[in-house]
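In the part that follows, the structures are each spelled out as structure tokens.
Paired with chain B in one complex and with chain C in the other, chain A is shared by the two complexes that follow.
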Partner chain A sequence: MFRMILFTQWKWSRLTLSPLVVAAFALPVFSVQRAGNPQTTPWEARQLLSSLESWGVAYPVLATTIALFMAMTAWSADHRGRHVYALSLPIPRWHYALQRFGAGALLLGAAVIALWLGALFAAGTASIPAGLHAYPTAIAVRFALALFLAYAVFFAITAGTTRTAGYVLAIIGGIIAVQVLLETAGVHVALIPFIGDRLILWPGPLEIFSGRWMLIDV
Partner chain B sequence: MSHAVDIRDLHYRAGTNFEIRELGLRVPTGSLYGFLGPNGSGKTTTIRLMLGLLRPLGGTITVLGASVPRDIPRILARTGYVPEQPHLYTTLTVDEALRFHAVFYPTWDWTWANELVGQFQLDRARRLSQLSKGEMGKLEMLLALAQRPELLVLDEPTDGLDPVVRRDVLAALLDYVSQQNATVFISSHLVHELERICDWVGVMDRGRLVAELPMQSFKSGIKRLRVANPPALPGDTPFVVLAREAGNGASETWTVRGWQAPMSQYFEGVGASLREVIDLDLEEGFVELLRTFREPRS
Partner chain C sequence: MFERHRWAVAALVASMMPAILTAQDTTALVRRLHQLELLRHSAAVAVARAESARRERLDTVRSGALVIVVRPGEAALVRQASGVAWTRLDSVYGDEAATLSSTPMLFFLLGPPRPQMAHLYPVIADSAATSADVAFQLVRAASAVIREKADTLVANWTGPLLLPGVPAATEHARVYVELVTAPSVAVRRCYAGTADACAAALGLGEGDPAVLGYDAAERRALVAHSTDLLGRLRPAVDACTLGSDSACLDVLHARGFEPPLSTDARQSLVRLTLVSGGRRALGRLAHGVSRSLSQRFALAARMPVDSLILAWRRAIIEARPKPVTIAPARAWTALGWIVLMGLVAFRSSRWR
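Take a look at the complex of A and B:
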């Protein structure tokens, strides 16, 4: 049963997933392009770290993109059929949803492995200045955590009805509206940065997306 | 008599415009039950409630001896369902759709499925999105039949299909029923189609069950009578008067239910005379029944 669900997920996602997997492999490789000479000065090493840091933004963006895409394809066929087919199959609904989630999560593994291989390749071929170290496995693990977290969130949202998605958008829109109203009224309360910090900074649930995503670091 | 489907006091509301209230429905085991009703009468909603796709506000539903929604996976494993609209994953090919569907049903019969693919002339390599409406209808029926169900629930299975495809689909259905003694619950607004194949009929309108009886009783019991010198008030009739229409002069046309020949004596008793008894076919009976239900006589 799971094999067939995995097959459908693969069929629905393969065209978009394939280039994203290639991107996951290429990202760490491109990020170390400036690492040329191991005998660099401290200044050049700092330049390299700065370059790697700028590439670091791409990791969570890529993780979010892949996760969003996978979550959408997991449910799009069922949404088109108004879930009648899935609901008429003789398995409990939670069981079906779990298998759909599992199938998507398993395919996300391809992106994690690609990024890990890319990071290993980049670390193996780049000339790393003295005092700096490569962390290919650590960045791959971090990428995997971000990917699965984003996938879980998007999967839950896309599994719901249009009404559910509307509630989520209404909450986000409401927060923005309150912020605008406060600003208009001359009340200087940074509501959006406050909520953003609570979500993204430790111990927020999305902390994994923030901070330094460095393949090479001290 | 055991019942494959037993619905009692069912209550469901969809928005403010549509409501099913106090619905009771019993489908005898082994019967071919025709579920008639005009568009929007609540047939599809009733089927979805029956199969646990919707949750009722009240009442009890028992299908194949198991309770809905508690035992839904067990019920669905023994039920073949053809919904009103095609619901399959259209990006799959016919072969993939068969393989996907088969893994969910322990009673799936590959030999028969392959036979039906040939019989219905379906191209296994073709994507579902490329199938015609007729081919999709055949595939839906194939999937429902090849799982060897004890109960088949078919929601307008031949709606929009051409006569040739309709004949193929119904032939496969009747072939299966004759082999397996399965119960079939078939919803349609195509009255003549049900008249040919069903032995029980339930008529639904505006969320209510108007009538439920053996097809033979339904067909033979509804008559149109031409009555001369009818009484102003029919009084205590041995049959149910569904409608009265004025005719030429002192005559009227009555549409009645529960008619039997000896009942003609009633007219002599009230000073009227019965001129003619006209048989109605199922469609005319169905229309009269709905008309009476919608415009009850005071």
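Take a look at the complex of A and C:
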């Protein structure tokens, strides 16, 4: 049964997933375009690091995009068919959801491997200035964790009812509204930065997305 | 006749000797300099007032030692900004910021014609400037004034304006990158922990900076990468690239060169010195003309220069930018959140 779920999810997602996997390979390769001279001065080394830092934003963005797409694809057919197929199966819901989750996660592995290969290729071909180091495996591991975390979050939201998604949106909208009202009333409470810090700073759930995503670094 | 005049001059000089000696007494000199400074300040303020009265009605805004002449319509904005600016200036420059009182500034916004006030240091802001923008312009102008008052050796060594409000972590992280990438034997030894090498890398070593900062191959590379060499140095440049180290040294001495570590690194050392040395630290650093730079740093920071430099190095090493690698605890935390989110999905009540 898992093979069938995997096959159908692959069929539904391959047209969009394939270019995203290519993008995952290309991202580290493009990010080291400035690394051409091993005799660089510190100023040029700093420019190289700045360039890599700019490219670094693309890693979490790509991870989020792929994860969102795969999570939505995993449930879209069930939502369209009003879950009749799933209800007709002689298995509990958690078992079905686990197989959907596993199939999506397995397909995400292709993006992780593509990024790792791209990073290894980029690190191998770039001329890295003395004192700097390449971290192809570390960036791939981090990308994998970010990808699976984002996938788990989106999968949990899309697995629920429309009402659940509505609750999530209402909570986000409510926080923004409260912040705006407080500011209007002259009460300077940094509610959004406070919540943002709790989410992206350790041990917050999205901590893996923060920090420097540098293929080459000190 | 000549002989008689010579004796007369000798007698005159001899009679003036006590007065000359008194004038050279340090305490008296300091007192007279202080009086002179007060007179200069009073004169500058009087000139500002006189010109103000003569040409256009202007207000004077004071905050700490900042004296700012401004149009009445802009006084409220400048008053608000000057408080912020003074706090920042005082926090970095300490007592040296008090010398700003002798340099009144003229603030005006872009657009209307500049007020007709000579002898005042101009501070210009955009017509749409906010209080924060004006505070920044005041800080820049005041920093420039303080830089001009420091002696040339320190000002040139420090480089651009030493501005308050630069985040130490960011500055130190930039210096860390230099510390691991600068093509200099002194920098590599500094990274390994040698205080003398750090001094050489910062341009504070006692001796020839070209020899202290770079080895022969690095000197040759330094000359080879220079694109602005003078024509008369061409033979020496050619000899240097062919392997003559003495020719490389001649070229470097003739055209000058920067220490291996940049002004970012040097400014970070100055900031640490000012923090360590207290409110009078900048005065000791910027005006100790008879001493070498390293002696002045030691005097300003109230500690041996080696200790100061090692403390600086420690701060830089501690500010190493966080690389992409993740600690196991963080990886496990991420995995924990993944499992938790998965469990939420499996427990959802879609068809229960």
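The rule is short, and it goes like this: the second predicted complex is superposed on the first by the 218 of 218 C-alpha atoms of A that agree within 3 Å, B and C clash if a C-alpha of one lies under 4 Å from a C-alpha of the other, contacts with A are read in each partner's own complex, and residues count from 1 in each chain.
The rule is short, and it goes like this: contacts are C-beta pairs under 8 Å (C-beta built on N, C-alpha and C of every residue); 3 or more make two chains touch, one makes a residue touch a chain.
The shown structure was predicted, so the numbers you read here are calculated from the model rather than taken from an experiment.
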> Between chain B and chain C, positioned on chain A by superposition, is the outcome a clash or a fit?
Replying inline: fit
> In the superposed arrangement, does A:L181 touch chain B (first), chain C (second), both or neither?
Replying inline: neither
> Is A:M4 contacted by the first partner chain B, the second partner chain C, both or neither?
Replying inline: first
>> With both complexes superposed on chain A, which partner does A:L145 reach: first (chain B), second (chain C), both or neither?
In response: second
> Which of the two partners, first being chain B and second being chain C, lies in contact with A:M214: first, second, both, or neither?
Replying inline: second
> Which holds for A:A159: it touches chain B only (first), chain C only (second), both, or neither?
Replying inline: second
>> I'd like to know which partner A:V61 touches here: chain B for first, chain C for second, both or neither.
In response: neither
>> In the superposed model, which partner reaches more residues of chain A, chain B or chain C?
In response: C
>> Tell me the contact category for A:L201 with respect to chain B and chain C: first, second, both or neither.
In response: neither
>> On the A-aligned overlay, A:A170 touches which partner chain: chain B = first, chain C = second, or both, or neither?
In response: neither
> In the superposed arrangement, which partner chain does A:L89 touch: chain B (first), chain C (second), both, or neither?
Replying inline: first
> Which value, in Å, gives the least CA distance between chain B and chain C in the superposed three-chain arrangement?
Replying inline: 6
> Taking the contacts chain A makes with chain B in one complex and with chain C in the other, which residues are shared?
Replying inline: 87
>> Using the touch definition from the top, list the residues of chain A that touch chain C in their complex.
In response: 39-43, 45-46, 49, 83, 86-87, 93-94, 97-98, 101, 129-133, 135, 138-139, 141-142, 145-146, 148-149, 152-153, 155-156, 159-161, 164, 202-203, 205, 207-208, 211-215, 217-218
>> For a test of understanding, state which residues of chain C touch chain A in their complex under the given definition.
In response: 174, 176-178, 180-183, 221, 225, 262, 320-326, 330-331, 333-335, 337-342, 344-352
> Can you name the residues of chain A that touch chain B in the complex?
Replying inline: 1, 3-4, 7-8, 11-12, 77, 80-82, 84-85, 87-92
> What residues of chain B sit close enough to touch chain A in their complex?
Replying inline: 51-53, 72-77, 81, 83, 85-92, 96, 99-100, 103-105
